[in-house]
Amino acid sequence: MQTDLSKYSIGDYRAGPKFKVLTWYLVNYFIFFSSIPFPSKFKVMLLRFFGAKVGVGVIIKPLVRIKNPWRLIVGNHCWIGEEVWIDNIEQVVIGNHVCLSQGAILLTGNHDYTKSNFPPKYDQVKIEDGVWICAKAIVCPGVVCKSHSILTVNSVATKDMEEMKIYSGNPAIFVRNREING
Amino acid sequence: MQTDLSKYSIGDYRAGPKFKVLTWYLVNYFIFFSSIPFPSKFKVMLLRFFGAKVGVGVIIKPLVRIKNPWRLIVGNHCWIGEEVWIDNIEQVVIGNHVCLSQGAILLTGNHDYTKSNFPPKYDQVKIEDGVWICAKAIVCPGVVCKSHSILTVNSVATKDMEEMKIYSGNPAIFVRNREING
Amino acid sequence: MQTDLSKYSIGDYRAGPKFKVLTWYLVNYFIFFSSIPFPSKFKVMLLRFFGAKVGVGVIIKPLVRIKNPWRLIVGNHCWIGEEVWIDNIEQVVIGNHVCLSQGAILLTGNHDYTKSNFPPKYDQVKIEDGVWICAKAIVCPGVVCKSHSILTVNSVATKDMEEMKIYSGNPAIFVRNREING
């Protein structure tokens, strides 16, 4: 059998009410994705207004993209680096003291490539406390990055990352333990 | 011997007539590469006007870059995702029902690094029917992605990909077969 | 112990005088990072004005980001490709006849993830004569890319690259020698 994208359908999925989706589109691309360094507090306020739960002390750099703030939970004292892309078609939950470095991507959308009509598959991403997603690293749909794990530069997490462990490569594999001793 | 970029020359290569190249530059960067979600039909019309052959049902997301539309052939029901970069200095041929996910890159330009003057080398890219180039994956010059092959997230195809096979990593290697059964 | 980003401090580090940093921010994002193809000579002049040492025959494509020009040295006849990101919190030294292809990234900032307050660590990057950093490749903090070495597409250099050797993958490993014979 062959792929037939003309038969593709998103089924029952709806990002949200049309007006909300459209308004957020504009805010996302003309404020968050802008080069202008709007204050983090202003951006956090906007995220909350659109339904995100965001803690205190969160820093959001320029050129960030967030798909659906109403599917986003961010804890306290997190950093969202320049050019980070949170492609949260599905829920993304970020704990406390998380660092998403520049260009990091969180993916929640996938396709069932075993079906001719290539149906979408969505899956949550969970980033627990103290995790560091390094520059240009990518977390795939369904992955849980457990407490204080690290994904190195440009690596791709396709499976859960265990607590206090460091992962590297594409697909990322365990390379060593993390220790915090001071 | 050493590299001497002051002796670099593109030789006989010409992208196209100067006026056409300049006009397309503006269309590319201010319409295709824009955050504004211009309708796909409008963008397809522009591509055709500049010499691309594009089929029906093609969807083109925002922030796309296409180097030379007059060196582009796209079949029916293809998707060109957000931030896709078709760097087609040379010909790029895309079949039917192809999905290029967000941030995918098709490269056609290279350099002969065994020569002191670092001369350019161009080579076509061919993406056959039903192929899926996943998010942030890169297809290198000269590569043929055969029917229904898949290149996983952030992977780099440096060699041809065989029919119905899935490739992953940098450089991408065969990881498993694809089956389509419904 | 756990990460506590609320205790983070950049210590004594200062990018530069506030007015200079702010002015460069604007120049960087609205001229260098722009889609408009400002002439390379104009951009080189701006870099020098802000304290960079830049040689002759340097080509700078659109959509480039440079963090601190006063921490940048570039030799003669270098190419800085489209969307290159020189994130030089610390010094970056680029030799002569160097090619940074599209989307290449030079990183100088890191964090000490063994400390609870996640302190910043900065380290220089040195790119010697004739080096080619291919498209989307990333050079990590502290790395020296020795004379005429090559980092392939989307690869990540985490260690020094030896003269006339080619490195590939994430992390990049030696794959073959480079020869220049004409």
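The letters A, B and C name the chains in turn, as written, and every chain counts its residues from 1.
Simple rule for what comes next: a contact is a pair of C-beta atoms (placed from the backbone, for glycine too) under 8 Å apart; a residue touches a chain by one contact, two chains touch by 3 or more.
No experiment lies behind these values; they were computed from the predicted model shown.
Overlaying subunit A onto subunit C using CA atoms gives a rotation of 120 degrees, to the nearest 5. Although subunit B and subunit C share one sequence, what matters here is the overlap of their interface residues, and that overlap falls short of half of the numbers used.
Per-chain Cα centroids separate subunit B from subunit C by 26 Å.
In subunit B, the residues that reach two or more other chains under the touch definition are 154, 169-170.
Contact residues on subunit A toward subunit B in their complex (touch as defined above): 1-6, 25, 29-30, 33, 85, 87, 105, 107, 111, 113-116, 118, 138, 140, 154, 156, 158, 169-171. The part of subunit A that touches subunit C in the complex is made up of residues 35-37, 57, 62, 76-79, 97, 99, 102-103, 129-130, 132, 135-136, 147-148, 150, 152-155, 168-170, 178-182.
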